[in-house]
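By letter and in written order, the chains are A, B, C and D; residue numbering begins at 1 in each of them.
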Amino acid sequence: MLDPERIKNTATKLSFEDIQTKKVLSFKYKPNLKYAWDNGVAIGRYLAELKNGRIIGKRCNSCKRILVPPRLFCELCWRPTDEWEYLKDTGTILTFVVSHVNWDASRVKPGQRYHTPAVIELDGAGKDQGILHLINEIEPYDIRIGMRVQAVWKPPEERIGAITDIKYFKVIGG
Amino acid sequence: MVKEVAIVGIGTTGFRATTPDVSYRELTYEAAKKAYLDCGIGPKDIGAFVATSEDFLEGYSIADEYAPDQLGAVLKPIYTVTGDFIQSLGSGVMMILSGLYDIVVVQALSKASNMLTKPYMIEFAMDPLYARQMRELPDYVAGLDMARYMFDTGTTKEDCAQVVVKNRRNAMFNPYAAHGCDLSVDYVMASEPVSYPLCELDISQCSDGAVVVVLARGEVARSLTKKPIWVRGIAWISDTPNLERMEWGKARYAELAAKKAYSMAGIKAPRSEIDFAEINDEFSYKELMHMEALGLCNPGEARYLVRDGVTEITGDLPINTMGGLMGIGNAFEANGAHLVLSTVLQLRGEAGKNQLRDVTTGLAMSWRGIPTNTGAVVILSN
Amino acid sequence: MGLRRVAIVGAGITKFYRYTQETPKELAYEAAKMALDSCGMTLKDIDCVVLGSAPDAFDGVHMKGEYLLDGAGGYKKPYMRHFVGGGTGVLSPIHGWFHVASGMFDTCLVVAEEKMSSAFPHPAGAFLTIFDHTTEQPLFPTLIWIFAIEMHRFMHRHGYTKEQIAQVAVKNKKNAIDHPSAQLPGEITVQDVLNSEVMAYPVNRLDISPTSDGAAAIVLAAEHVARRVTEKPVWIDGVGYCLDTAYWCNRDLYYPDYLEVAARNAYQMAGIKEPSKEIHVAEPYDPFTYKELHHMEGLMLCRRGESVKLLLDGVTQRDGNLPCSPSGGLLGVGNPIAAAGLMKIIEIFLQLRGEAGKRQVPGKPTCGLAQAWGDLMQVGTVVVMRI
Amino acid sequence: MALVERLQVTTQVGYWCGEIPLEYIYTYGRAGEAFYRTLIEKEKILGAYCPQCDAIFVPASIFCERCFERIEGNYRELEPVGIVETFTVLYKNIDGTLKEKPELIAMINIKGAVGGLLHYLKEVDPKDVKIGMQVKAVFKPKDQREGGLKDISHFKPL
């Protein structure tokens, strides 16, 4: 049997104020964790094509998918992937979210648009072959699964070879 | 331990200071592909996988997510050990001995070149209540340890420099090594002080690389390869994590792990039954300290062995024949992996120019580095 | 299979709070010492120690396993930390099982700990860096996004509604009233859930388990030791764990295939053919309301699309035919990630021994399972236990 | 070797920069709080006595790591004096820059206890420092003490 009395003494409850007002001592620390991750062959090509305003995948002839983001091997068939293949920048919303919070759990400020990330199945990539990106130019709660969307690109001079070279996807129907 | 678990396949990308042309996925896939071809298997033959990684070395908060794809482990049993490769290898051995699996794959990789703030990452491993509040370059811990070791054993900076010269020269003829170099003792002794007595060249430089090992049970192992390398003993021990209470100048973790591994392997006199050893030399003095802790020589005697060439490839007790960390590189969690790789290559007779003649039993030993007191030992024989 | 039998013989758990003063070492110690005391063992009787703890980003210590070592009793012992994100808590007994079942060790102390309150401004910030650093992080995602994405997909494919799914929070928070470690127990209504703050549609605040500080521990022993230590050893009869691809956008999230694979492995090892009948009590992982249902289906405790029916018919209540999360789950007791998974293992340990007190499910259950989940919608860990 | 395709031109090589943006506030726990309160208020070093191991362990903790007994109630206040178990001369800062003046860092075993503190050694010429040397703590003025290791400014020869 769990002993409630003993369990009560295992931890000392605090509140955020206890720490802020120094009721208990503490040590503040900001770690310095910086990285430069090698893109390699597949992601290197993916980012380079994004800079050209194109989305590229790599086909796996065994499971008939076009892998996006591309990789040099198909993780399901565990074999080298085949041809590179440009994908249209249109697709279908598989699922989406209306997020009232930011990445650090703070709430989206009143007047600011809620974040609306979605998994977008890119045309031609194959069933469920989606990428994560943002939806915009539509009221967050008007978005529906199944809607057709198209990428809205940054102007060429602003593109740096990043997933954010696509500003967002806008709804074009459905 | 009777002949029950063997290393049947091993694959590596080799170790280089930087690997800018491949992503960590492509690096690992290459090592896995070679390991599976080495023993003629594919992912469908593998019962389970054990990956090795630490979050902040990879730059992720849950780095184990990115392990399965490159190993062919999608929708298969796989988990990550946040420890040294030899600990993961120990997990793989236990998984086979448990009876659940016949073949288990164990992986480790290093992308040290992608880590831009290494000293801060090591500081981040220290206890935030005490040692971390010094906010100093963590190498001071090795400086303190080296100073005490030299005080206790009379070992000199010259003896330590001899280790660097030996290991980096051995690495020149190891195609998988990143930091081979022909140095003189005086050259090493002249390097800039970092945390005296620890100088620049007393510290191993980092390298990138991946290693994948295939373990198999007894009869399955014999069916997969003509040269199974048997795991005769494996153990890992952690001494206190508190720098404020540890025994400076000693490697008690290595002593205790070796004792357990020797008893499993039925080894009574390590000095004569162990033909060669590939052991942690992240800092020059550590090779000597570890030799003594492993019972390969008496306390304070290691320096004479290195001075008299006993631990050279041509000596009676070759140590770090393929370069150790000084020569192959400090690959963090993958250190144990390249030490095991070097041991397997020698036992298979595939060590090329550094090949030792008629060796049967090798020992690989790893330490997890500052600020830990965790070590692991594995004894392999052909 | 002629496997060496391994039993759980002791258990310990701390109180779960949003903020605690204790250091991670002290939390781990409190749980580990309670586990040893509960079966009259001391650290001298322990051959090896296994530690489960989720991302280092919460407690704020790199190589956190090494830091926690003395608190978990690993001093000068074989000590190892494993890690599969949220699934860690149920992987801990599995990793411990390997240690003992291999014959290399007779006893193993398994400790799981998490102190999320060290992370500021909020532990959720740590989840930014679980996403692919090049193709996803630039969009500043947070974990709640992909929970909501998965929940939305789950609702869309089965036609489940938020009102139905909210019943899980009502059930679990009520059950948690009887759990001494509970952080957020309480009597709430479906309406409370629907009216609580929207976090990321379709997820509201009361759909989510809280972040917590806490630790839990169990003692494993080989059969000959277990029978000496306790008359009611609880055998680990089935273990299963599995990861899916990290490319979570390239698979349909409505059904956890990886969990089905893990469950099949555990059932096969335990000789279970009909899980929905042979499992008497279950602790599926419930970091979010919909996850308990999502996992009941993956565990094959019911057919796909039928989990809500079981919930609404009261089958999963404590007095139902298949009680789920009688402990109060992560939603009620709290979610210190790895310790939350081990809390569920401990609940089944106590239920099978008839020692769950006010939480005890009727009918003297003899076979139960605990399950955890985590990573990028990607890992299932399952343990089947019998008495 | 195993990759079907490789980068052929060096300009194709690229990397993506990023960091892990987190911040932490660590509370000191029951024993750590007592340790630093004692340091601030009484300029003493708090240890904890373990009856089973018959030793006082510094810094104080609620449990003995060796025998796992609870020793929370056995705190002992020790004089801030000890001996140098080992020492080093640190030339570089954590950001890799050279220190203007090398710093002496030592492991100081507190007298009468197992364990001690890592800290700076000052007011001594590095040449005169010996292992086994007696040292004592020099505290910051009380109003500058914030509850941290640096409440002790440094150790100096006795």
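Assume contacts are C-beta pairs under 8 Å (C-beta built on N, C-alpha and C of every residue); 3 or more make two chains touch, one makes a residue touch a chain.
Keep in mind it's a predicted model, so treat the numbers as computed, not measured.
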Chains contacting each of chain A and chain B, listed by label: C, D
Distance between chain centroids, defined by C-alpha means - chain A, chain D (Å): 41
Centre-of-Cα separation between chain D and chain C, whole angstrom: 36
CA centroid of chain B to CA centroid of chain C, Å: 34
Distance from the mean Cα position of chain C to that of chain A, given in whole angstrom: 26
Of all residues in chain B, the ones touching two or more other chains: 20-22, 26, 29, 56, 59, 61, 68-69, 74, 114, 120-121, 124, 128-129, 133, 240, 242
Chain C, residues touching no fewer than two other chains: 19-23, 57, 60, 62, 70, 75, 121, 125-129, 132-134, 245, 247
Overlap residues in chain D, where contacts from two or more other chains coincide: 3, 6-7, 13, 15-16, 18, 20, 22-30, 32-33, 65, 148
Arrangement of touching chains [line / ring / star / complete / other]: complete
Chain D to chain C touching residues, read off their complex: 16, 18, 20-33, 61-63, 65-68, 70
Contact footprint of chain C on chain B as seen in their complex: 54-56, 59-62, 64-69, 73-83, 87, 90-91, 93-95, 97-100, 121-122, 124-125, 127-129, 235-242, 252, 256, 260, 264, 368, 371-372, 374
For the chain D and chain B complex, residues of the former touching the latter: 1-3, 6-7, 13, 15, 18, 20, 24, 26, 28-29, 32, 35, 57-59, 65, 85-96, 102-103, 105-107, 114-119, 131, 148-150
Parts of chain C lying in touch with chain D, wherever the complex brings them together: 19-23, 25-26, 29, 32-33, 36, 42-44, 57, 60, 70-71, 73, 75, 118-121, 125-126, 128-129, 133-134, 137
Of chain A, residues touching chain B in the complex: 27, 29, 31-43, 71-73, 75-76, 78
